[in-house]
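Each of the next two complexes has chain A plus one more chain, namely chain B in the first and chain C in the second.
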Partner chain A sequence: MTGKNILQIARKKYNKKWKYILVTLPILFFYVLFSIYPNLKVFPMSFYDWSPISSIKTFVGWENYNLLFNIKRDLTVERLGNTLMYVAGLFVIQTILALVLALVLQKNTRKNTFFRAYFFLPMVFSTTMVSMIWAYMYDPNLGIINTILGVFGVEGYPGTDFFAQNAQAILCIVFVHIWANIGYPLTILVSGLNTISGDLGEAAKIDGANNWQTFKSITFPLLLPTLFRLSLLTVTTGTLASDYVVMIGTRTGSVPYETLASWMYKSTAYSTNYGMTSALGVIMFIILSIASLVQFVAIQKIENKILG
Partner chain B sequence: MKRKKRKGSLLNVIGDSIVYIYGLILTLPLFFAIITAFKSEQERIKNPIGLPESFSFNNFVDAWVDGNMLNAAKNSIIITVGTVILQLVFVIIVSYALNCIRDTKIGVALYMLVLCGLFIPGTGGVTKLMMRREMGLYNNLWGEIFVGAFSITMGVFLVSGFLRTLPGDLEEAARIDGASDTQICFRIITPVIKPSLATIAILTFTSAWNSALGPMLTLRDKSLHTIPMVLLLNYSTEYSMKYTTLFAGVIMTSIPVIIFYCINQKHFVSALAGSVKG
Partner chain C sequence: MCKKIVALLLAMAMVFSLTACGGGSSSGKEGSQSNSDELDWTAGADAEGGEVTIRFSTWRKSDEAYFQEIIKRFEEKYDWIDVELEITPDASAYYTNLQADLIGGTAPDVFDMHSGDTMVTYIDNGMIAPQTDFDYMANYSDTGKTATSLDGENYGFLIAYNYFGLLYNKEIFNKVGVTAPTTPDELVDVVNKLRDAGYDGIIYPGKTNGVGIGSAIQLGSMGTENYATLRKGIDDGSVVDISTAEGVTEAFNTLVTYTKNNVYYNAYRGIVYETGMTLFAQEKSALVYSGSYVYGEQDTYFPEIEAGFFPIPTYANNGLCYAEGAQVSCINAAGANLGAAKLWVEFLATPEISEYYCSNAKMFSTIAEVEPQFEEMEMIKNACSGYAIKPLEKFDNEMYWMSGLEKIYEATIYDGTEDIEGLIRVYRSQLEEYDLANQ
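What follows is the complex of A and B.
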């Protein structure tokens, strides 16, 4: 092979590489523009006073953060608390419920397969549909839950507003969230359980371990990595979940409860103080990043421990 | 031995009852939504939880007319189909091209850039909205399709993972036969990665078809409203909700999706649950 030939081949290869890059660049440009850039742009924009109705942007320094942390401190603290309650409630209740259901429905019998598919069904419903159905269930006057409790003669029903108290309201919304999304953790946990070898459990049984002991010392530790992965996702979805809070709130009237996510959505939709909304975005960005990082490190540690 | 067996069966009974109770909790709201859809508004107020006295389909007609459902369905279908198809094409192109240059530094860097989307929290709703307004991707169906089609993170992640497991022989053989890159990408690789594409199609379909809060910010004209938006915004009088008409609308619009789910149930489960890796 002559030197010229090698050069030609090299150039061809070089050109070819750039051909692939050039094809992807326009798509990647718009991808970055829509999916990454706006989430980073809230950082600089949170230092400006700006609104959707005028094109004037004034630099105001930390003024927006001052608004959130000093002037509206009570509101911010309350909504941060609600968000934490939402995430904690979602995490604890959903994980326990999904784990119990997964343990019962683990084997691939016909009945179990049916129930797994049925519990998964609300995953394809729109959040609108779920919210409308549950708004009617919770309705203070002629809602289903109120009416049923009234029929059984429970005092105070019908006429009870489930959303009158913050904690109760958040738990009610969290329950709707779980109702709609239980299929996801259930499927993950069932496949997690099925990858754990049955031999280990058999061996433990022969050695005289009961069900609880087998679960505690074999199944649960082996399932921990899966549970941690799920928790990572639960925290992210819980923090960003605004759909049910916003929609059920719209349908049932006044909203005393509000999470950071629903607050951010509403101020995007109705407020003109976009500087404050950007600052909210920054705060949520930081919270989510820290939470993900902490969990990521925890997962690594736990996996290393289990794998030796 | 005997005691053990009884204990096991007791556990089974408890487990079974948990499943049945949860099944009931899942079913009851749907059941009440269905029976409410067949009642008149007066009947609902008089007797919210009883069965309807007669099954009339008036509410369904009202829901169809009041909500301008035909138009909403048209909008939903345009947005969903457009987003799914365009996004699939983008995902195929990017995954294929990045797979060809995955040994080069720039190839790895570009792939990392795509994966960034999995880790960066989506909290920039305001800036995105303003950007779309400035770009004219606001208050039109095209804008929804355009923006939705470029969220390729999950798709590229899935398809790239799949492409890595493929042996290079297939591509090599086609190249020797003189096939161009376009032909290899769409004629040879695309049929092979069909399972991954089905997963992406289902994920995009459900999110585009169901999303309501996002489009509420950008689709301001009433004639552009999609089905979930109609369900959220219509069917109320000044003082109260017309739940009967609302649920007729809810049932009417969810039946196609439920049938679709029943037919492709395995695909749906593996797409919605299997694709996300913690």
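What follows is the complex of A and C.
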């Protein structure tokens, strides 16, 4: 290869690189302007006493954090606990349910295609619609769940408020979340299962392995990368989920099952203390960053160990 | 490694620079209330400036027909002004939109609000124009002024107010042989007799009203002045032991008595307002906690029922009703046609319009000597010896003390905690810790 050729290849590579940068530049500009910049702006905002309806901003140092960690400590702790319950519930139940459904509906038969679409269907309904329907169904006195249980003579029904206790309320909302969104993890897991070569399963069967052994030793380890990516998404979605919490309790004043995200949303929509809301955003950012980092490192280590 | 360190330093520099940006417009903490003299009250005030359109927003969907009639009469009188009525029926959505519009500078010229914290915040930030010099103030009752005035200035026109208490099904009461009670113990007895006859307890929409019944009983026990003095005292640190205030202990004892004796309907913490009215219409219970405005919506909620009204009995035994303002019409200080907006509010406050609106919406007028005409008016008024209305209040230290007070209400309303002295003691130690006098 002559020096001239090397120069041409280098120039081509250089031009190609700049082409990519030029193509992505406009979208990068808007991404930084409307996503990165506002998110970073939350950090300085959390040190001010300010309201969006006023031009007056007062630097208050750590006062907004003091408000969250000392003055409103009970609320912060309760809502952090609710958030953790929400994430844990979503993570465990949704992952297991989606995995079971994916295994059942893995093969591309007509019946399975129908059921995959069936489970995906609630995803096209609006969150408001889903929340309103379920809020009416959960109603302690007129809701269908209470009424049916009452008809079957279960003691205390109708008249049971599913949202009277934090854990029970969170579980009820998580159930709605899963009902409405199970189609997404299901689709990802079915795709993940379909990337696993059928030859491996057949070979295992020839060697005498039963279904459970095949799943445990072949399918599950090979599906782990997909499950790990899914878990990252689930934890993030669960931590930031405010829509179902807000809307199912939309006609309530203060609710005992508020999460950090719904608290942040309500503070933004109905209060004018945006300094405290920003501090809440920073705290959630830190929690989520740590959780994601831990998950990411753990995933890397486990993947390296299992998949070599 | 070097690259990572450089990246980290750059990121820190960016955050630091943003922190510096954030303080660009900082200044003192005091508010910036609008000064009436600085506003242009001539814009749109007469026909010489040409035709103008003003926007008026409210959440009162059930009153749409009355507002349309009022607009018709207004436009006949002031033919250069068009009024556009904007209704958002869901009150929480109404406030979300209003706040966004105020931030974006597209808020209506006149907007309705509840008398409360949000109104104070908007006043504090100069978004609501004062109405202290308006002509209607000469006829404006003290009830109205209590709900709309702050630091000597009046910031809105409260078109009407309502009594809050218990609506009861007269037919069921007659059938069971009970009458409207006047003491907490009598009310417990009435509920027990109703239960024996197969009717459930008091429908309290706890999910919609939160601790509303707590405020109602406290205001009813204390009266407006004592209530306002206590809260002001807590806020400025001069009161740490709330049991010393007149009516407080009676209020909490009343709440505990009701919870302990299970006078409420099943799962009342989970009942929303509409569900409560449905249960009342279905005659699942003969008692529901509500504002008297519900008589204006009787055709929607309980068309077949003849409903009586009485105040919630308290151990203060004074027969006072809790009253609450309906909607306060506020003028957007940044509006382009302040003169026209002023004419609209003045028109709403004329005795003819006040009587027309209150008679149809079945509420009580805030204009002196206006007696609205509706069937239930005398019955409601006669049921109460008087009323206590929640004042418009501004606090400096609310974030320190409000949630603690609400926790006492929650403990008494929902848990029926009998150790009121203990609750007050814990609250006292919290207040002492915060030392609000020196905040």
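Following the convention adopted for this analysis, the second predicted complex is superposed on the first by the 271 of 308 C-alpha atoms of A that agree within 3 Å, B and C clash if a C-alpha of one lies under 4 Å from a C-alpha of the other, contacts with A are read in each partner's own complex, and residues count from 1 in each chain.
Criterion: a contact is a pair of C-beta atoms (placed from the backbone, for glycine too) under 8 Å apart; a residue touches a chain by one contact, two chains touch by 3 or more.
These numbers were taken from a predicted model, which means no experiment stands behind them.
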Partner chain(s) touched by A:137 [first = chain B, second = chain C, both, neither]: first
Chain B versus chain C, judged by how many residues of chain A each one touches: B
Which superposed partner A:126 touches (first chain B, second chain C, both, neither): first
Touched partner set for A:304, first chain B, second chain C, both or neither: neither
Partner chain in contact with A:272 - chain B first, chain C second, else both or neither: second
Chain B versus chain C as contact partner of A:52, first or second or both or neither: both
Which of chain B and chain C A:151 touches, first, second, both or neither: first
Which of chain B and chain C A:230 touches, first, second, both or neither: first
Chain B versus chain C as contact partner of A:41, first or second or both or neither: both
Overlapping contact positions on chain A, where the chain C interface meets the chain B interface: 40-41, 45, 52, 139, 142, 250-251, 269
Chain C residues within the chain A interface of the complex: 14-15, 18-29, 31-32, 92, 95-96, 99, 102-103, 118, 121-122, 124-127, 207-211, 265-267, 269-273, 275, 278-279, 284, 399-400, 403, 406, 434
Chain A-touching residues of chain B, taken from the complex the two chains share: 4, 7-8, 11, 15-16, 18-19, 22-23, 25-26, 28-30, 32-33, 36, 44-45, 48-49, 90, 93-94, 97-98, 100-101, 104, 106-107, 110, 113-114, 116-117, 119-131, 133, 146-147, 150-153, 181, 206, 209-213, 216-217, 227-229, 231-232, 241, 243, 246-247, 250, 253-254, 257-258, 260-261, 265, 268-269, 272-274, 276-278
Partner chain C, residues of chain A touching it in the complex: 40-41, 43-45, 47-49, 51-59, 67, 71-72, 74-75, 139-142, 158-164, 250-254, 269-270, 272
Chain A residues within the chain B interface of the complex: 17, 19-21, 23-24, 27-28, 30-42, 45, 52, 97, 100-101, 103-105, 115-129, 131-137, 139, 142-144, 147-148, 151, 179, 183-184, 187-188, 191, 210-211, 228-230, 232-233, 236, 240, 242-243, 246-247, 250-251, 264-265, 268-269, 274, 277-278, 281-282, 284-285, 288-289, 292, 299
